[in-house]
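Pasting in a structure now, in structure tokens, and then I'll have a few things to ask.
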Amino acid sequence: MPPETSRAEATLELRGVSKYFGDLPALRNVSLRIGRGDSVFVYGPNGAGKTTLLRTLATLARPSEGTALFSGRDVHENPPAARAAIGFVSHATFLYGELTARENLKFTGRLFGLREPEKRIDTALELFALRDRADEPVRGLSRGLQQRVTLARAILHDPAFLLLDEPFTGLDAASRENLQSLLRRLPEQGKAVVFSTHDFDQGVTLARRLVAMEAGRVRYDGPLNLAPLDALHIARAH
Amino acid sequence: MQTLRIAWTIFVKDLRVEWRSRETLASMCVFSLLIVFLFNFAFESAREETLRLLPGLLWIAFAFAGILGFNRSFAGERENACLEGMILAPIDPSAIFLGKMFANLLFLAVTEAVVVFAAALWYNFSFLPSLGRFALIVLFGTVGYVALGTIFGAIAANTRMREVMLPILQFPISFWILILGTDATSDVLRGNTAAFAAGAARVAGVSLIFAVVSYLLFEYVLEE
Amino acid sequence: MKFPLRVHLAITLVWMILALYLIFLYAPQETTMGEVQRIFYIHFPLAMTALLGYFFVFLGSMGYLWKRSQLADDFAHSCAEVGFVFCSGVLVTGPLWAKPVWGIWWTWDARLTSTFILWLLYIAYLMLRAYVTNPGRVEVLAAVVGIIGFVDAIVDYMAIRWWRTQHPQPVIAGGPGSGLDAPMWLTAMISWGALLCLFAYLVRQRLGLAELGRELRGLRRELASGH
């Protein structure tokens, strides 16, 4: 079964990646490999490079030095291959205010060329308890509801890699629970999850691997339970 | 094929957003009508002079209405980083260019129709005898103008004072589209059919060059 | 860099003095326009160099998009700044010549218009560089504008033929009516050479400045990060 094997090999990887904004380095020589079933918590003080790290993994930011790879190939040689396998939640919602939640998802479904869009959209809406509000323009929804639509949008195409930058922002308690159980469940299904949150204690309960960042560098990358205290200390002190 | 289908999806999305808000088309039409209206009082003119001034007036109105539209076109995409949302999809970046360009083209074409109608009414001028040829010239010029506006709109969206940056990029570079368009329009409205083919070919040629270059370069604009 | 900047500067100065000598003492007086025609030996080389400058902006832009080399971007940026100064020179010397000869400072003749557009293209390119908010994107966006701008410059020189012009015919193209006297031609060429040499010198200086600026910001950054 070729699709299975290719999925088993699927990896997202950064090799010696530095990213400069003008002269300002956001990432310095970062190497990182995300594979099947990984569950990664990215932590660090403000300005440590978490957002740039996630954006580089998501293929949005192109490395200034080094390479971003998808399954061993340079992402920027064939971006669509990687993008089809990646779901990304950033600080922005990616939603059109004039369109309803359902229309936004439909648009995304078309861009991703989904085969059974209606069914997938219903599932995604269900998962984040959005069915009642699905046909209102997104502009009128609260920040928390919009965030839920954004999450539904990110998992719509059933990505092998789900990357989330501060996904808990603005969520109410119930959706927080929902998202937490999703973040725990996906790695068990062989999907990889990479997320950042400023709430260290919450992150620790959700992930098995910690990537601690400081000043654009990765200070620790390994199992959460083996993380040396000083790395955690660096990470927690902001 | 795939690219065109995605472009169509983006085009339809833009129309739906516009249908709900009606902001872009309304501002383009009102603004260009104001230009035509003010121009009338700036140059209260006899018929022969109208014939001399009208082509330039029309293209100025088209050009400014276009600027408004192109700015809004990418302002909407920037608001919630929707443009990034599209870039994250496994699609050919050219599809984004084509989809946005077709939407801009439709909006500007509708505005142009409104402007021409108003000009016909207010200046007592009949476009009917040469309507087909006139429409063709305007269409040729508009395609190139909109192609440039689409890529410059995307570029200006990355700048401070984008409302200023867009015309600074757009006007010098689309200068010849506007000038050749005005010349050809002038010939057509005077009933100079002999000059039509050459005029149309020039406008179409210059338009085509800029459309192709914009199409080829657009994917770089999306990069970070 | 093959030879030191000081030598380059010395050569430029000597060459410019030679050009001045030729312009004022060697070249014969033009019969219809008189002394004022001598401004041609500055005006024409400035115009050619300004146009060439935008071609260099184009080359640098292509080079950047292709190889992502910082040097290519610096080159395009430097040529744009120096080219802009040269192009401004064209717009100043032109009217000085036109007033006594045509009786007007300016006319929207095709060649004047296209030079003015070239000047606007330089402005658009430089303003874009100054206004991009995300510093990581300046190079790519500027390169795209540099390339489209150059295409526009080509369209300019194509579209000119469709317009009537009262400007002197292109001297280089050398139609029979536009032929220059041999000494005049020699003077123009030497003068152009001097201006090209000056252009190259200024671009090299500007490239060095870009490099220094980068170094400085690097040092500041290291200081700020406390090492």
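Letters A, B and C mark the chains in the order given here, with residues in each chain numbered from 1 onward.
What we mean here is this: a residue touches a chain if its C-beta (ideal position, glycine included) is under 8 Å from a C-beta of that chain, and two chains touch if they have at least 3 such contacts.
As the structure is a prediction and not an experimental result, all values here were calculated from the model.
With chains as nodes and touching pairs as edges, the resulting graph is complete, every pair of chains being joined. Of the two interfaces, B-C and A-C, the higher number of touching C-beta pairs belongs to B-C. The most central chain, judged by the distance from its Cα centroid to the centroid of all protein Cα atoms shown, is B. Chain centres here are Cα averages; for chain A and chain B they lie 38 Å apart. For the pair chain B and chain C, the distance between mean C-alpha positions equals 32 Å. With centres defined as mean CA coordinates, chain C is found 49 Å away from chain A. Under the contact definition stated at the top, the residues of chain C that touch 2 or more other chains are 134, 136. Residues of chain A found to touch two or more other chains are 61. Multi-chain contact residues of chain B (touching two or more other chains): 223-224. Partner chain C is touched in their complex by these residues of chain A: 19-25, 61, 64, 215. Of all residues in chain B, only 6, 9, 13, 16-17, 20-21, 76, 79-82, 84-92, 223-224 touch chain A in the complex they form.
Of all residues in chain A, only 55, 58-62, 79-81, 83-84, 86, 88, 90, 92-99, 103, 107-108, 110-113, 137, 153 touch chain B in the complex they form. Taken together, the chain C residues at the contact with chain B in this complex read 65, 117, 120-121, 123-124, 127-128, 131-134, 136-137, 140-141, 143-145, 147-149, 151-152, 155-156, 159, 162. Within the complex formed with chain A, the residues of chain C that make contact are 134-136, 138, 214, 217-218, 221, 225.
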